[in-house]
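What follows is a pair of complexes built around subunit A, which joins subunit B in one and subunit C in the other.
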Partner chain A sequence: MTFTLIVVLCIALLLLLRVVLHRSTREEDGVPGDILNRSDYARRLPDRALLHQCLSPEDLEFIAARRSPGLTQLFLRERRRLALGWLRQIGREARGLYRQHLRSVRDAADLRLSAEAKLLLAVVLFSITYGAILTAVECYGPFRTRRFLLSLQGMANILIELGNRIAGSIAPAGLAGLDAAAGGR
Partner chain B sequence: MQSLGQPVDTAVRDLEDRTLSRLHGGVSKIVYLSATRNYNTGEYQHEGLAQRFGASIAQDALARCHETVFHDLLETSLQDLVEQLRAYIESTGAEQQKVLHSWRQLEAYRVLIPVNCDPLSADYFITNLRIALEALRLDARSDRPNLPTSLPQQ
Partner chain C sequence: MELLSHLFWGSGSLLIVGLLWRMGRLTLVSRYPYFSAYIWGVICSGIVRFWLQPSTSRAYALGYWISEFGCALLAYGVTWEIYRHTLAPYQGLRRVARAVVGLLFALIAAKAAAELWTNPMGLRSTTVELERNVRVVQALLLVAIVGMVVHYSVPMGRNVCSMLVGYGLYVAVRAVLLALLSWQGVVFQPWVSMLLQSAWVLALVIWCVGMWSASPNPVAHPQVECAYESVSGYTVRAMGQLREHLTHSWRA
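Let's look at the complex of A and B:
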């Protein structure tokens, strides 16, 4: 039950974070988007492909097929350690990036409060999501957390699709009006 | 970053065509490339390549090939890694048990990591090799087939 709550919280926060970052990068003066695009900043973040490879289900199946408790324990222990290492590194780098940003804008004359507020919100959401995922991986291991996240993400996508259908079916005129106002994009 | 047509690119192609293409699998290649590196200075040395392209270009070409092979191995599945390791050990002509024992005890695989590698990638590589060695050791001890079974609980 606790684990399900943690995972639901993670999904909700990830979706919210995605929306916030998506909006921020679309801003013409978007400070967060600029930060993520600068290679000096982005290259400090750990490689996402490494975590993906680390949590590969094929590797897990390969180890399971050998039917050796010792080997399986070694594999799961090391994968958990590596996943936690990856998470801690991205947390460390994100905190470092924000501190660096704060130093650079401390004396800025053209400080944009709305952009700063959005960035702060993204940082807060990141911290909460980071904490939740870290706890889940520590308590339940990376593979079980991954399976839960994948299945919940799939369910969330279905819910979003159904929600859009419901919205479309109860207010077709309004949506058509919005489309026309947006120039049919 | 060198562009195509630069001497380093030519040296890389030369190294791949003349030497690396003859080695079977990424493990054999990374062992070869690591062996061209001086353990004291960290510099790569390859007489033939240096004669053709100069010492500096040969050094850059070897470093680049080393990093490429290393990153390919990072993306290799455990199953492929075990097979590559098995093929490498067979290619040495030495007794498999002795090689496995030596690699596990001496942790000789630590010298296979490129110098500019980030710590997380290095850790992942070392861990994968340790697991692959353990899998090979188990295979050597028992001749039972590796039948699929249910996934383990964490």
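Let's look at the complex of A and C:
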């Protein structure tokens, strides 16, 4: 166990040293501190309408009506490529944003470990979501992924509603019980 | 095998003399005092071992381990030198690094206390295990520092970069080989000794190349001191927006 841990630690150290050696000098060219000037940030995101157009049910129905397996395959392949392109653009934006943040704050005298950890958590959450959706689109295509996400959202809504109902049915009784206990004293 | 060992010893000696000569000429000895002290420590330990020959005597074994520990302790100065020069212009990063290193030491202390609690005879470890632990702590500290350097893209001069890469490589190889020796329950293996020598010569080559010319660390940009709170808050919000955009865009 100890031996394995030491080997893992040393491999991690060697990998980090390799990154230091191969670090691109271009990364240092960016002007730090200009993150807040990116007021056009929202416009850099890929348009939602583009994804909606890519997942258009009319297009799918039209292709299905042709009854040509080859054409359907081509259509699905192209839509998968488009959806992956849309997703990767968001990934690029996130990476760029985080890199810019790191370059901007490294000079800050009031850098805080807790704030950096909070941001790292946000990045990890984003990466997990992004990775899951990207894998789903790669493996099952955008149409199935969308159906899966919608059903997931539907189930989440049902769970929320159920939770609210349970809380609603328990709370008045609980409050009455508390009132009775307070009155009896 | 013996010929190869002599070859490593000879080339190592030449490289170490070349390194010190070059550092002296460029006045790098005063700029990197802890690193120079480490190199001098290695030279002194070599002289002591030579003086205590033959290597089969008890005095040699004792001198070998004492000089080895002396060098291992001096090597902490190299870690300190890397930390000092790399993070010197970054006040905030230095504070975060101190917190991370403090956390690491607390974890190590907690692990040692837990092991001692479960096995009170654990203090009676061998010299190989003791040196392995010293090197593992060095590797941990280096991982923390290099992790920060990579994460925040902290620029480094050629001198400190070579110091970091050469020393990191040597520590990693040494820690793994010592762990292997301690795992096998032996103190010496000829091929392990050969690998250690080759790692040391490689580290010396890296240091010689890096120290051949004076290259101080690039200066930071204090004029672009940012409002950290607002930048951090902005990035967290933007990351949340990106995640929302990613998941909500699939709705019809």
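By definition in this document, the second predicted complex is superposed on the first by the 122 of 185 C-alpha atoms of A that agree within 3 Å, B and C clash if a C-alpha of one lies under 4 Å from a C-alpha of the other, contacts with A are read in each partner's own complex, and residues count from 1 in each chain.
By our rule, a residue touches a chain if its C-beta (ideal position, glycine included) is under 8 Å from a C-beta of that chain, and two chains touch if they have at least 3 such contacts.
Model, not experiment: these values are computed from the prediction.
Of the two partners subunit B and subunit C, it is C that touches the larger number of subunit A residues. In the superposition on chain A, A:R144 makes contact with subunit B only, while subunit C stays out of contact range.
Of the two partner chains placed by the overlay, only subunit B lies in contact with A:S68; subunit C stays clear of it.
In the superposition on chain A, A:A94 makes contact with subunit C only, while subunit B stays out of contact range. In the overlay built on the shared chain, the residue A:E78 is in contact with subunit B alone; subunit C does not reach it. With both structures placed on the common chain, the touch criterion links A:E58 to subunit B but leaves subunit C unconnected.
Contact with subunit C, but none with subunit B, is seen for A:L113 once the two complexes are overlaid on the shared chain.
Of the residues of subunit A, not a single one touches subunit B in one of the two structures and subunit C in the other. Against subunit C, in their complex, subunit A makes its touches with residues 2-3, 6-7, 9-14, 16-17, 19-21, 23, 27-28, 31-33, 35-36, 41-42, 45, 48, 51-52, 55, 87, 90, 93-94, 97-99, 101-113, 115-116, 118-119, 122-123, 125-126, 129-130, 133, 145-146, 149-150, 153.
Taken together, the subunit B residues at the contact with subunit A in this complex read 74-75, 77-79, 82, 118, 120-121, 123-124, 127, 130-131, 134-135, 138, 146-152, 154.
Interface residues of subunit A, counted against subunit B in their complex, comprise 46-47, 49-50, 53-54, 56, 58-68, 70-72, 74-76, 78, 80-82, 85-86, 89, 140-141, 143-144. Interface residues of subunit C, counted against subunit A in their complex, comprise 90-93, 95-96, 99-100, 132, 136, 139-140, 142-143, 146-147, 149-156, 161, 164-165, 168-169, 171-173, 175-176, 179-180, 183, 218, 220-222, 224-232, 234-236, 238-243, 245-247, 249-252.
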